[in-house]
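Chain IDs A, B and C follow the sequence of writing; residue 1 opens each chain.
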């Protein structure tokens, strides 16, 4: 890999020179921190969103999500009983907040055998109707291999814009989940004559249950 | 009275002087003294083909010729854009830049000038001759009838470099001309300078799309603010045998229906 | 000297299936983008912010890039450096061999296309499976992409139906509905994520502060390819690095709106290193392969702004030339306006300079570019540069020089052009137009030439002026 490290050195020199500098700084971390000092922690700079709940619901609907407002998790059972087809399995994410609830349908902890998935969002973003879930809390398969994905959103966890979400999750150097998924509606494609088709490889449906405070 | 240096632009100068005369009349009606100093090309074709040095030569000639006037007005968004938008770019490393910038501030496309600087109120002048003025009515010209469907093509440079969109429509409305908008008015007609010659087939297809859009609104007449676009479209339309006429907005505003439309045969008798 | 682009466009214009596909695609992208922009009050501000992020990211790129590398490696990932596309192919193959990869799940990667990665993997005895629907269609058809966001845009539904029927042995079935085609792709491709040893994806952005690759998709295949296989390889370029997550949000806001007219795509995912003990799942090995391929030259050149591109495809969606001939006519994985600038800069093929001339400079590309790249200006610069690389035809050179010489002599210009106008008018014989004219076949091959009115404006105005004077007005 000598030629690679050789190229790496030349590349950095070229980039620095193109930017009117001699070389990389002595203290990389300090220089980096100084550069981001002004913007880290800043808000979006866009118009404020007065009613985050309303905006979240509106935008999630526009992204083809189905929305429900509930007071307790057990209310979800009604929908599960009505809509889950016979023989289908539900995979519930092992997140603590979801555990106390008794589920009225068949469950599995193998994403490859689940047709429905249920998880709790870390945070939800009003400006696009998006929910954020990450790898420390949820398995990838639950989010992407199921036919129908149910996401529970605590009303208090809805923020206006992305920047607030990153700040609330304390995202920064050394502090981030290994995989964070910002999901907005079901999977889709328009690769066939630009005609939109919901349900590509990921879930065909996304149902969002907003849990009142 | 303020002075206007009128720069005709190559297409007008070479192919359709009636646009020049119409423009001069409009400017004089608006209360300006119009001068037509010796002029040639703004240098756009050199600039767009990567020979900036030649473009700069032509640009400097133009600037020094026209800077004595209060305004320089051009019946073209394309040449207007070249001068106002690109001359500063051409001279950005040149010590003459300040003089260039001062000049460019006084450069205007015709319809924009009439609306924003001259604030011309043309309501008194009707495009379609009224019953009393039989001398100006040409019964042989079906377009003098108010039922003619008229549509407008926005030239790319006019739109994107000179901000020409509402101005011609405002003037036409004031003259009693209703514009039936076609789809994709803002899509290129396929002229693009040497592009229309180097890529003739693609250019022709683009012109065809524009012509089809005009026909789709049953247009009889297509008006535009750039003669180069109109020459391209008229030429293609005639080759196709499409039943469509083309005129420059200046001619329509001044009520010139005598002059045959672009590419049309001279009137007999 | 024949122009290769012209030859390809003639084929494209005559290709009925292509024209049908383009007609279906055309207005949709434009209308959807406009609707997305109309739905927000502050799109111009979003554009300003995105442009500022791209600009500042390049201005201190050496620091952000070094920090990015540090963060990836601190998390247990590896960053690899590829000077050329050949280096990239070699590095990726080595990584796949180290992982004992037989099957590879591929998410869409423009850099992978740029480096012709699939062919190299196949030649090395491995099986890359495209999982993005558009790329999968192209893999079946053995064709390159024609658009950077919708790679199979040139394919009609009927053609896709045919390809599926030939490739999948699933018996008699009705694939005439889009849903049926997509459902079949879902079923066929599902196994690939579950079985693949390695997942290779691209990245839309690389975030320095946390060593993160950002993946912006709609289908879900990218995420599955990134998370399920034991090894995740990201093929990207060094100029994609931006400082923070807040900066990423600025670009995310304009990307999907400009590309597909969505406020955001279904999946915007952030991957930072291999699986840790805290995670439910994830790859054991996390590799980021960064390609140069002359971008370091571009950075120090007058074309630097081209590196601001966020690969949204809005420029080609609005380009009247692209909409007429499609992406294959450009003979590059980067077509349309951004490709007309980027392709010659990356490949250094003399032929690519033709692309800069294949533009009417209508300016629509620049008007819709979310980060305001001055594409016509860059194309013009390439036209200037082309003179020293590909000498212009003698006819053009002398015609232009001759015309300029004349134009610098106003008196002579007026007299000669006045004469020419009068002659052409007479040549048209009152018909108002000419079908043919020597030396003007470029024009008259497809159009009539409207005849001059007889005498130039300047010559007529002068005469009218002297007539006024002599009439004592």
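The rule we apply is simple: contacts are C-beta pairs under 8 Å (C-beta built on N, C-alpha and C of every residue); 3 or more make two chains touch, one makes a residue touch a chain.
Keep in mind that this is a model prediction, so the values were computed, not measured.
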Maximum inter-chain contact count - chain pair: A-C
Far-end chain from subunit B, centres as C-alpha averages: A
Centroid spacing, where centroids are CA-atom means, of subunit A and subunit B in whole angstrom: 53
Interchain centroid distance [CA atoms averaged], subunit A/subunit C, Å: 28
Distance between the centres, which are taken as Cα means, of subunit C and subunit B, whole angstrom: 33
Subunit C: positions in contact with at least two other chains: none
Residues on subunit C engaged by subunit A in the complex (per definition of touch): 21, 24-25, 28-29, 41-42, 45-46, 49, 58-67, 70-71, 74-75, 80-83, 87, 91, 131-134, 137, 150-153, 156-157, 160, 178-179, 181-183, 185-186, 189-190, 193-194, 208-210, 212, 218-221, 223-224, 226-228, 238, 243-247, 249, 252-253, 260, 262-276, 278-282, 292, 296, 299-300, 304
Complex contacts: residues of subunit C adjacent to subunit B: 3, 5-6, 9-10, 13, 320-321, 324-325, 357-364, 366-367, 377, 380-387, 392, 396, 400-401, 403-404, 406-408, 410-411, 413-414, 417, 420-421, 430-433, 442-443, 445-453, 455-458, 460-461
Contact set on subunit B toward subunit C in their complex: 8, 12-21, 24, 36, 38-41, 45-52, 54, 57-58, 61, 65, 89, 156-157, 160-161, 186-188, 190-207, 209, 231-232, 234-236, 238-239, 259-260, 262-266
Complex contacts: residues of subunit A adjacent to subunit C: 4-5, 7-8, 11-12, 14-19, 21, 24-25, 28-29, 31-32, 35-36, 39-42, 44-47, 59, 62-63, 112, 127-128, 130, 135-141, 143-145, 161-163, 166, 171-195, 197, 199-203
